[in-house]
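The structures considered in this document are given below.
Same chain, two partners: chain A is paired with chain B first, then with chain C.
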Partner chain A sequence: MNKKRGLGFYLKIYFKIIGQDIKSKMSYRSDFIISTLGMILTNVAGFVSFWIMFRNFPSINGWGYYEMLFLYGFSLIAITPVQCLFDNNWSLRMFVYSGDFIKYYFRPINLFFYFQSEVFDVKGLGQLAFGIGTLVYAWGKLGLAVNAVVLIKLILFLITASLFMIALQNAAAAACFWMENSYFILELAFKFKDYAKYPITIFNAVFKFIFTFMIPIAFIAYYPSMIILRPDEVGLLSLLSPVIGLIFFYGSYKLWMLGASRYNGTGS
Partner chain B sequence: MGLRKYFTLTRMGIIEALHYRLSLYVKIIGNLLYLILIYYLWKAIFHSAGTDVVNGMTFESTMVYLVLASALYGFMEMYVVWEIGRNIQKGDIVVYMLKPMEYRHYLFWELSGSLIVGFLTTVLPTFIVVAIVTHGTIPLGINLAYFVVSVALAMIINFQIDFMVGNICFFTESIWGINMMKQVIVLLLSGATIPIAFFPEAVKNVVNVLPFVAIYDSPLTILLNGNGDSAMVMEKLLIQLGWAVGLTILSHIFWKISVRQVTVNGG
Partner chain C sequence: MENVIEIKGLTKEFKVLNRHEGIKGSFKDLFSRDYKIVKAVDDISMNVGQGEIVGYLGPNGAGKSTTIKMMTGVLEPSSGELIVNGRVPYKERKKNCEDIGVVFGQRSQLWWALPLVESFKLLKDIYQIPDKDYKDMLDIYGTMVDLDMLLHKPVRQMSLGQRTLSDILAAFLHNPKIVFLDEPTIGLDVSMKSKIRELILELNKKKNTTVILTTHDMGDVDALCRRIVIIDKGKKLYDNDIQHLRGFFGSYRTLKIRPKEEIKLAADELEKELKDLDIKVSISDDNEWINLLVNEDKIKVLDVLSKVQSLHDIRDMQLEEISTEEVIKKIYEGGI
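== the complex of A and B ==
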């Protein structure tokens, strides 16, 4: 029982559980279509407001239009994993209050893993497509280099960026183990993704500090994207972001599990 | 006479809203972060523009507009679509249909309690802080009275739109998607995210014939430019009134149609 399971085992199980979820989602076809449309519309609206806001100004604080667009696309891709793979966090508090959460303790696999693998949010893929389109367009307009090294870097730092949003959401969702009505905390954390698309340099020193070290919004896109966008100005924080991301993710996982270990059902 | 039953619902709503104080604090923190973001963002934009006035708006008036828009949003977003959707999914809708009051009215009066709490805890304090910080940007005169009337009309328009969108859940069973679309459309086309003045001319013409500008842009424009330009104020208020009446009738018809769709599982 206590034998350490390999990655292969978890991957196999993951796709099995996800398969069930997708099957059940497909049975509510109209819901699926409308949700996907809603997601696409959200991204279109985001793009339109971006366009309206910046079309009058050639540059903002030294950031050109296409650089801003690059950041925007980068942030959209970076928040796809949290949307697609960790969507069950939104239901966590319902499971906890209703007592249904107890079922997760009876499975001989990692609790966190099992819980998160139960839901795969397909509509997040529309966002991914939108993000890739925006990024490629901005990339071309900026004339940035394309080669194997850059692409590997891009993937590495996109994963890095996604870790921060995942960590924020895990921690926010875990709040429900300690308090009632924690929905608003999750909603607050979810909004951070919209703030990630702006360069941190627009803020003054105090808020730069806060959005870097206290609420790591700047890590969701800005710091990791610098590696590709402005390779000559890469700072220490950008270089360290993969490590910081892993630490954040691990911390949020531990917090989540700590909450789960405190859980003792709802009686009855 | 019959008004007492409505105020009982109002009181219930107030008690409920005060019970969830934590959500209030979290909302305030969220609003603060949003305000910090838009402050620095627009400061950078105006700084880069090199002029004090862009599209007829100064940095101060843009801030007043956006800050109050976010306060109004926090006050008016009552998750009506969710509420209706949940009532339909769980089947509670039947209970409401048995009540001696139309479901629409029941919902509205129950929400009125949260609206009062929301007005006193969000809109009023925000308004006072903004008025003091940007002193002079908000003219203090008869426009304040117009503003209050305009907000009341906006509230009705917003509720009727929410109610109609919520009714769509009768047909689709998709709450999340429907709500998402509504929120996105309303926030963008009402001026809540970017003042309408910044929209390109062609887009502005389209947006102005839609009801959404009556929710955020009308009250805020009236507040900022309402003194001395009574023709503009009257025009905006009349348009708002038209939308409020029109949408109320429409949502009544909509309800009559969708209520035939009710299917409740099990019992």
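== the complex of A and C ==
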């Protein structure tokens, strides 16, 4: 029997597994409510500190309040996919450590896919709503154009930005295949995303280089959003960011899979 | 009989750091390149035919799990040949998984929060099982276990026995050619154990599924396996049918004695008294009996009994054939 497993197959399986995960999450009701509440509070706190800062400094390096707000909203939306769809990366370390990771090898489907498909974090959706709200508000205040081309660009570059965040997290999570105490790496990668909401021009040359080419957080908001925010100043890196994003994502996927192929499992 | 597994000279080596003791030692380890090579599996060859149930036995750390991990495509062999269903598992892991089922240790592979039936439906999609085959399989399951009770229970609410049962059913669901069972009855009560053995045996008969079973429970071996393979320290020690193995030790009997005196004391005395006769003295697990392992080629059991009787007051006695467990213990200790 010839069994083909193409994109259609994976999408179908994905929605089924995710659907089941959401169903089961809802069954732990108080857990669900509390974590949603926590997410909202985290976002509100983040926003308030952002607002306080900008009351004192009306602009940073030529970046105005609403432009910064735009970046902020953009980055919130861009990190939603990694939070919703790749949340299982946070547990990878424990799976590997306990030996439970071995179960992912026994199904005739892609290992990375199977692992990531198991968890869908609903909390990320609250953040998405918050990000969209912020972006739309800043958009209106900046008086940016709204038309089909701009919207398509926006979506394309939001996806690009997400790819960088996903790549960053994949690579950080994969560290656990090589080292036992890799949690801090994942934490660090996640902390770095906080810098994503600032325009790269406010950093000095060294950090500019690091945040562009090594830990590419400048791609999580700055480079892609330039396309919409300041169309006249768009540089090569902004234009190329979708391609660079794909490369980073693919690289992180390969690294993750390389780690998985090194996995020995524990005795049982 | 067609071979579903062909193994020739299979070896798996691990690089292990030579660790030093103490804080100073662990600091040294940080920079140490002082590795030693450990052979977890060492030059194993065997073929397994379609429909066989093979008991794959060995003490902890013998290399059983490592072999199974290679056969399931998790690990890449260091050297040697390994063909499963005509494929090299490590190179074609996904394809290999179509034709195998795995129950590994006590780690459930089912979706924890879901009722079993939802897990089954997901598996049906993942393995692309045709509707008819799926229905037929559930019908067969229905005749073997109380399926309705299991199907609608979330896996996390199941007892260990129910979960193991469910995991085994899930492993057979896509009608694989080979099913690997790694200690399927560990931690289960007696009735659940026999239930699971029956289930495995029945599925093996109905579907002609090859079963590779690792276990420490000789009850599993006696109930299921016609052929056993024993490995220790990565090397294959024995590969033959179970009768043949018993034949090796056919001349051994276990004489069980319940003395009037304190059991520990009596055992110690007996050990001294029977020292010249090549008899192994031990106390049974329930602390009720003294077991005397007698080689009848050397001395008759009745002679031993009369000797013991002349020295001790005996309340009760039993004579037993040697159990498979003892045979294997004997092999571990270098008996053959």
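Assume the second predicted complex is superposed on the first by the 264 of 268 C-alpha atoms of A that agree within 3 Å, B and C clash if a C-alpha of one lies under 4 Å from a C-alpha of the other, contacts with A are read in each partner's own complex, and residues count from 1 in each chain.
Everything that follows uses one rule, which is that a contact is a pair of C-beta atoms (placed from the backbone, for glycine too) under 8 Å apart; a residue touches a chain by one contact, two chains touch by 3 or more.
Computed from a predicted model, the values in this text were never measured in an experiment.
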| item | value |
| --- | --- |
| First, second, both or neither for A:109, with chain B first and chain C second | second |
| Of chain B and chain C, the chain that contacts the larger number of chain A residues | B |
| Touching partner for A:191 - first (chain B), second (chain C), both, neither | first |
| Which of chain B and chain C A:48 touches, first, second, both or neither | first |
| Which of chain B and chain C A:30 touches, first, second, both or neither | first |
| Chain C-contacting residues of chain A that also contact chain B | none |
| Interface residues, chain C side, partner chain A - complex | 14, 60-61, 65, 69, 72-76, 93-98, 100, 102, 104-109, 111-114, 118, 121-122, 125-128, 154, 182-183 |
| Sites on chain B touched by chain A in the complex | 20, 22-23, 26-27, 29-30, 33-34, 36-37, 40-41, 43-45, 47-49, 54-55, 172-174, 176-181, 184-185, 187-188, 193-194, 198-200, 203 |
| Chain C contact footprint on chain A (complex, rising order) | 3, 5, 9, 12-13, 16-17, 20-21, 23-25, 27, 99-100, 102-103, 105-110, 118, 261, 263-265, 267-268 |
| Touching residues (chain side chain A, partner chain B) in the complex | 28, 30-31, 34-39, 41-42, 45, 48-49, 52-61, 179-181, 183-185, 187-188, 191, 195, 198, 202-204, 207, 215 |
